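Two complexes follow with subunit A in common, the first pairing it with subunit B and the second with subunit C.
Moving on, here comes the complex of A and B:
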């Protein structure tokens, strides 16, 4: 019995020691990173000031009423661009994913090529896309659309490819054994079966793109991001707060709609 | 003539009136939802696409210019205005920013997730915290950073707080979701053994959920790195994003942009290797 107590004590002591070591390491890392960045920890206590700022400027007053038409117009525009770019990306990604999926095995080298391409597209920073596109396509909606398109392309291709690979090889082989051609396997077997998974990825991506569209707009000078920047830089904080409120409304309603569709599909 | 003993008679069907039923394929809820969603998405896309191209737009010229710049960026990267040292410093700053925000975010999110999981917390608290987090998540990270740069002034403080906000909201949701997956029977068993709640959390919950926490936190680190680069550009918060923004929109030097993109890609490759190792060690454990 005594040995048991000893063993248990040792077990807990070791655990405590490990926990302490982890906390110390992360604490040191935290201090190091704060020093490296010049971040003051006491500003964590000032978090409520930002919320207070928002609360103060959220409440639409006489001055911000005039901005509402412009904001809602730009919001709708941004939403449409985000949806359009997601849909276009989805079509291209599906094509690439079918070509690149290992289980459908068109060719090993094509599969690796598409995989590498998707990875490359996903990791090029959105700033670089936005800036290069801005330089050649100038300041318009098309730039925002293309920036979102390239950003999403890598991610969706990767996601679709993994969905197709989860479909497995057995079903494909069974279909082949019945004499189905390649196109029949894809359009009659594969796509109907994975349609719901693909749709949930597309809905997720629309949500994400609506949020990213603000960032892209800020960088390329289009849509809702641009007018936020405009109001913000000209110190019209009431109007800027209204833009934030509008973005919240849009993103939350997109999320609710996509949840509804997800529930109807399950 | 031989007559058959039993007369063969076919049962005559009474003519049924015309029945109006909806074909099965239009009654299937999933199929209909899918079709309607696709139709709406397709319609929105088709009406939006033509309106996006402005009048008198030289599409061919733009595309050739774009491919030209891409070529310059990827095939002839070299530095002119900045030194390697400052560039690496910028990359380091972005990595530190991502690390610090993930660290603060994951610690705060863990406690918030404990307060918002259905296993431990009352429903009112769960709904309250989750909807508050949904609102925070709805605001893009850039806007958070810009809002906080009003309060704290432009710089590291605003960047850290802004990115942390989004991280906390995201991680709280995924942590709480993975806590919900813990079976209630297991917790009841532990309670029946006489364990108090802190003991259940420390000795059962944390060890059980550690792999999924690690992978979610790592995913968030990757997102935070991308965000840190974007924030640097859009909010002028420093790091490699700011340098990227300066050299592309002020100097129009795409050779230099190429170098920066390659640096970021190199770090992304490192991250991808780590996440691959994490995933394979997780699957080895199970």
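Moving on, here comes the complex of A and C:
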């Protein structure tokens, strides 16, 4: 058997050439952007001084221990806001996703309407939501809850809709063939089949919302975000460092717990 | 009991899938539809219980045209027609028992069906049906843990739960090994012979059609090219059913 090694070599050379071209393009993009911004790449060399300053000031010290009670209280509040908004949104999202999924075909125009609504909600950044809602709902937990609610609504509706569409039409047809009604098909077929996928989306969203709730709190003046801002602005860097540490602990433990639940479910 | 007359269907308005299909199915018989891939076998089967909407023709089930029924009537008619599939189409995270009970959803009120409020008589029957298909010990197993042959038998039990007059089988053995194939086909044969249920099966395997069928229908390119007792299915007839007719048909076969 005769094979053409030359053609194979040519193939690999072309591939290498393409990779090089891509790297060059990215390099040029960085240079172009730096020039446009007047950003001096040299200042990256001084970064270690900044980090050293951070390390010296933000390490929690003896004095910041006294803040622990307040921090843990606010941390709990923030966590609860995240959990409440996610679970509440999940119920609404599931309803919207069932109405909007193409495979369940209630109506094409409703499907497009829900799709559009979901992507609008999702593409407004959480910070913008918080600031808009701040005008009408003032500084309280409800504002944070609503900001998380709207953003999560967009995200979960879209995620649920895709999960439902992955379920396909074959199994729906099998239940239609038994003479089952629309709602019976949803409850007996669709929901059992996608329950685990829905749970993992909800757990992921709780994780995500714990992080976002911190940021939202900073803007709406509630929860852990608020006290971080307070300590920071009153130059109590040690206490602010403790807040950061507490948030990291919370986020990591939520993630670990959600992984554990996910494994138990599947 | 089931008569199909002049059934026609095209997809996207242009490509004709079925041109003029007529045949009838007798009670208590196994009728097998054979023919090349893409000939329209699945379209015929799914038109019968209107999972696919056809364009023209008549589908008389117990002298009622399935095509003229409103939503509620169609739901009622479907509840007398069992169906099993190549991919089983069970709800995998649920148990075998729950899947069998889905067969009686068509006779239940909306709420009772949604929340699994089954009567004791229904549960008893479902357990008996699982025993009948040889899965008495698997009632509380999740269907995702069952083998292909076992899943198909759960599918048959689900169909039987409907007290069907006819069972439609869309390539029921295409994903099964030879041993499960025999079990499933024996079961379907038995339902026709002993319970008087009509069985209409789409198949690829001519030898299986010869072993189990009373009546064979050959479909090629959306048309009936053979319609007779199984004994008349000679090798020449088989070659005729599977011959390539048009260039589009040929390309389909080559592409696999």
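Keep this in mind: the second predicted complex is superposed on the first by the 223 of 266 C-alpha atoms of A that agree within 3 Å, B and C clash if a C-alpha of one lies under 4 Å from a C-alpha of the other, contacts with A are read in each partner's own complex, and residues count from 1 in each chain.
The working rule: contacts are C-beta pairs under 8 Å (C-beta built on N, C-alpha and C of every residue); 3 or more make two chains touch, one makes a residue touch a chain.
If you're wondering where the values come from, they're calculated on a predicted model, not measured in any experiment.
S.K.: Between subunit B and subunit C, whom does A:113 touch in the aligned arrangement: first, second, both, or neither?
M.R.: In the superposed model, A:113 contacts neither subunit B nor subunit C.
S.K.: Figure out whether A:215 sits in contact with subunit B (first) or subunit C (second), or with both, or with neither.
M.R.: Touch status of A:215: first partner only.
S.K.: Of subunit B and subunit C, which one contacts the greater number of residues in subunit A?
M.R.: B
S.K.: Classify the contacts of A:196 with the two partner chains as first (subunit B alone), second (subunit C alone), both, or neither.
M.R.: both
S.K.: Once the shared chain is lined up, is A:188 touching subunit B (first), subunit C (second), both, or neither of them?
M.R.: second
S.K.: Tell me which partner A:171 touches in the superposition: subunit B (first), subunit C (second), both or neither.
M.R.: second
S.K.: According to the stated criteria, A:180 is in contact with first (subunit B), second (subunit C), both, or neither; which is it?
M.R.: The answer is second: A:180 touches subunit C but not subunit B.
S.K.: Please report the subunit A residues shared by its interface with subunit B and its interface with subunit C.
M.R.: 195-196
S.K.: Under the definition above, what is the set of subunit C residues touching subunit A in their complex?
M.R.: Residues 46, 49, 51, 75-79, 81-83, 85, 87, 89-94, 98, 102-108, 110, 113-116, 158, 162, 168.
S.K.: In the complex formed with subunit C, which residues of subunit A make contact?
M.R.: 170-171, 173-181, 183-184, 186-189, 192-193, 195-196
S.K.: Which bits of subunit A are touching subunit B when the two form their complex?
M.R.: Against subunit B, the touching part of subunit A is residues 26, 29-30, 33-34, 36-40, 43-44, 46-47, 49-50, 53-54, 80-81, 83-84, 86-88, 119-120, 123-128, 131-138, 140-142, 145, 195-196, 199, 202, 211-212, 214-215, 218-219, 225, 228, 232, 237, 244, 247-248, 251-252, 255, 261, 264-265.
S.K.: Mind pulling up the subunit B residues that touch subunit A in the complex?
M.R.: 29-30, 33-34, 37, 41-42, 44-45, 48-49, 51-54, 57, 62-63, 65-66, 68-70, 73, 92-93, 96-97, 99-100, 103-104, 134-135, 137-144, 146-148, 150-152, 155-157, 159-161, 226, 229-230, 232-234, 241, 244-245, 248-249, 252, 254, 257, 260-261, 264-265, 268-269, 272
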